């Protein structure tokens, strides 16, 4: 069996100098926790995972993107403050803005040692400009299509990917459909169907609130 | 030697050629329109609405709770609630769907509507010959066409129907017992009114909780105005438009 | 009476000719020969399509066509009507002249071959001195038609298919012709009727067919294989291999032109099989002396149907070869085998059909078959593999 | 000269001229095939069955196809837009005229020119074979040897193509195509592409 | 036959570097776009092939013709609502797709299906594997041009299995059978007997197939040594399933993860030594034998009992926030689902790890240097379903 993630993090810190690795807990009862690796250390960490004799994670099972858009969490804070010279308890809403990012998750297994999974993830700097991550295709060839898919659907650019093109959407397509803020363009070449009427009726009903759904 | 594998293969095809005339199980083809495989009991093709008794309007089990509409993955169901309540199979006052449309062209026969329905009101049909001549309106199946009697359900899915019937009968018996008990309790409460405490006559919910009824004053008044079930039926039978207009 | 039944068509033609003015008699004679040939073989084509589909269906445990007419027998009629009324789609930028000419040429070439085939006693349209040569010359023209079809379509699959088809037909033409040499040597003539007549008569119970000699047997199969390849039939149907080249050289054909290709291809198959019958299976001769009373043309068509059935059977069984393997088979097996076969037939002439002849020629043919078969296997050998299991 | 021979002669002439003047090389080769076939018809008309069928088998069935292959394998897309005639058109014309005159003179002076039908009629296939194997056995064998040598040579050339040695094959036009790795074999129209 | 567990093969070469194979053509290169309407790309798949003569020098797969963004749809649907959509991923194996998704969500929500449900899952999954492999070898031979005979035999057997599925789940292909924490309905009465009958009858088909085609010279010539996939490349490129095992890597998730109740069955994992198309074909044939063994014992041992985890909720199912990755050995390889929950009724992130798509990574490496005809059968031997590739 593989060592615990905590042990792995400390070992990585000792073996690989100045590596930025941290643990990301997972609350699901069946799922293991994962490691977060800083993008600049991604290749080093990957090479380590693959070649370390205790790990030998030679098989990249799954590679996928996750979109975490900007989040605004509102928090009501009560604080005591001097208002007009009198100390009063004032309630105010604090808006904490968590900047969004794109995340790429890697599931690694070892065919050699038959263990796994080790999950590690990398996050981009933001969702628009700094969407670069190191490509894992030179380490695991199996990343080739999956990275292309993430590039296609999320817009993460993988540096030093040998053939970074769109995988599923067509070449001239512009947006990245799996992002949470993707708006479907109204450019389908569809024929009218009876279903359009149904959807229109639903819309009409919901907007007018005729029956008031339960 | 060259050719032995080929000759072996040719012997096998010859065996199958002859076998297709002699052995029944080799020939799986069914000459469809003339010859039909009897439908499997579990088979499913397209949903239908079950009604009890003979009258599709009266006995419809559906209470327009719209759970199926929400759960339907391709969103092919459209329901519009009626404005009047009518007694359902247990005798409880319930809403009925005024409009219940399913789009055949979108439905993917997944049976999720059947599973999520708490009232055993929607079931899967086995009739797969659903082609229509009209591409638009024809593919939208309306309530009158969707409603099929319970006897039909018993015919196509006997095991399932027996279980459902037993379940419903038990529920009904429970509800009746409850009603009797409630009545008794009410009577008792009335007789014991001296204390001035009215026993809470709220009937306990049956196993699947019915959806909360909307507290719309217009609807309330409408349902109160059509007191008798017979009246309600005539009211909802053909006069949709005025009901809607009001 | 027997004689009369056998010669009924010959007599009929003669009677009709007598009704025609003398000046028009040559023309009428041509028409009376060509018309029935086209009619009979078009019917045979129709019958074969339904036979093939039903036969393949049964081989594959299906029913085959069963909707049109009783037992689906009118299926070819429906197919024909469909082919005729379908739109003739000619892609933009095709070479229209060649595109239209190709199916016509392929039909003409296929039909020309029928003029030298003896369909029964005294039933040959054109009894040429060099009949067999004429047959091959007519067959060679189809290559040109296929090339025209593939090239004029301006389609890469069509072009690849045409190239494959031509390469295949040129390669297999050599063993095809060489495998007939033994027969020509034995019969001493190139005339098709002469060859059939040379096979008439019986020695003991068996007829004097060339297929019943060791070299004739090998030659018959060599000829059949080569003819299958010439007709682009499975397992040599690479030029139109639908899994690779969509439909090969007639990818861009539709409607009636497609039907003409289809027809031409089957005509080619019938012609090749008919020549195989003429050369090796005794033509119109009955297999047993006591069956001699059956009209000769019936024997011919019975044999033809048998060979058609064989080709359907093979088609239902085999996968397709690859282009290079096809070429290997032609040049490394078929060619040397047919050369050896010529040697064997030459030896047969000296040894006679006694035990010695059977021994010498038979061992020569069988030995070279075995050796060439071994040689054909790829270097890493077609072997039974042992598989490991993890538990 | 009879009427049918005249038609065939006309066909030969027209298709031969078409074969050298048409723009599309494939059309040229097909016209050449028509020439061969009409020539075969002339032989047939003159009663030389064997020669006619051999002509079809060899020239239409093999030589024309070979020419087509060569055209397909070496040609680059569009037919060239230059003039139909090369500047040195006179030289081949002169050669042609010379050959034609020679042949015509030979034919004219031949003793057979008055009875063309008689030649073919007397020659049965058996006789052709016998003549080949007796009077003309030496030329036949020499021809056979020559063809065998050619065949072996072709095989050796083709074999070298498989190996490392590129110089054998990369001659002529194919060098020009090295710069264009992607060449559509069908006609490529700049507008359409 | 070795019996040592899981350490069958020599260790993988750690120094292995993936190199892209390229072949340079010297003549004219012909660029052919095979697909999306090409008959043998198993759906709407396209391969941009650059050919030197008939040799493939470059091959780029092009996807997306069937792309409907299944993952996005699932993120906008409830957990349960995605279940019928998983049927449509690999539409041959809807039951294993169901299982993989159910397994993942069970991990996410901490559900445990009862024993009977686990048995039913194993039984249906192994039947799914049988019918998938049967069809695959049928399709593979169809790609080789076998005129449909093997395919029809395969479909004959598949019919029996689909009948079983229909009588259990109500649908032949889009089963939508498994639920989080169990299965939708219990086995109908008599189903187990019927299933045993199918299992008992199946070896007859395997033997028949063996006689029909396994010894065929053409099959051997077409597949042996074609499309060789080296072990190291297979592992590096995340190839899974029978394709990986045909390359000699012992990795079967049923053995490694022992998901469900696979640790209760004894079965063997066939491994190939050559990694060519023939090995991929044979590994699947042998896997069918092993599946039959599993089925036999599962049908014998299946206990009575409930089929749903009582904790499981059908309506308003909202797992707690977290993530889970579940994977099973589907007939095509490792089918994984990765689900992130944010506590709402819809998954926040829903990802399918499609074995078909990832196995195609090595398509070019396997095809370069072979002919077009080989490319077609190499593609066929990978076993892709476009519903899963494009999602």
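Letters A, B, C, D and E mark the chains as written, and numbering starts fresh at 1 in each.
We take it that a contact is a pair of C-beta atoms (placed from the backbone, for glycine too) under 8 Å apart; a residue touches a chain by one contact, two chains touch by 3 or more.
In this text, all values refer to a predicted model and were calculated from it rather than measured experimentally.
Counting C-beta pairs in contact across B-C and across C-D gives the higher total for C-D.
With chains reduced to the mean position of their C-alpha atoms, the one farthest from chain D is B.
Central chain assignment: E. Criterion: smallest distance from chain C-alpha mean to the mean of all protein C-alpha atoms.
The mean-CA centres of chain A and chain E are about 27 angstrom from one another, to the nearest whole unit. If you average the Cα atoms of chain C and of chain E, the two centres end up 43 Å apart. If you average the Cα atoms of chain D and of chain E, the two centres end up 57 Å apart. Chain D has its Cα centroid 70 Å from the Cα centroid of chain A.
In chain A, no residue touches at least two other chains.
For chain E, residues touching at least two other chains, in rising order: 6, 30, 149, 153, 156, 212-213, 216-220. Touching two or more other chains at once are residues 2-3, 6, 9, 12-13, 16, 26, 28 of chain B. For chain D in complex with chain C, the touching residues are 24, 26, 30, 33, 37, 40, 49-50, 52-54, 56-57, 60-62, 64-65, 68-69, 72, 124-125, 184-187, 189, 192.
Contact residues of chain C toward chain E in the complex are 56, 59-62, 156-157, 160, 234-235, 237-238, 241-246, 315-325, 378, 380, 382, 385, 387-391.
Residues of chain A touching chain E in their complex: 26-31, 34, 51, 58-62, 64, 66-67, 105, 107, 111-112, 114, 117, 119, 140-146, 149, 153, 162, 166-170, 177-178, 182. Of all residues in chain C, those touching chain D in their complex are 93, 95, 98, 128-130, 133-134, 136-141, 143-144, 147-148, 151, 154-156, 159, 163, 166, 170, 173, 189-190. Within the complex formed with chain B, the chain C residues making contact are 55, 58-63, 66, 313-314, 316-318, 333, 369-370, 372-374, 376-377.
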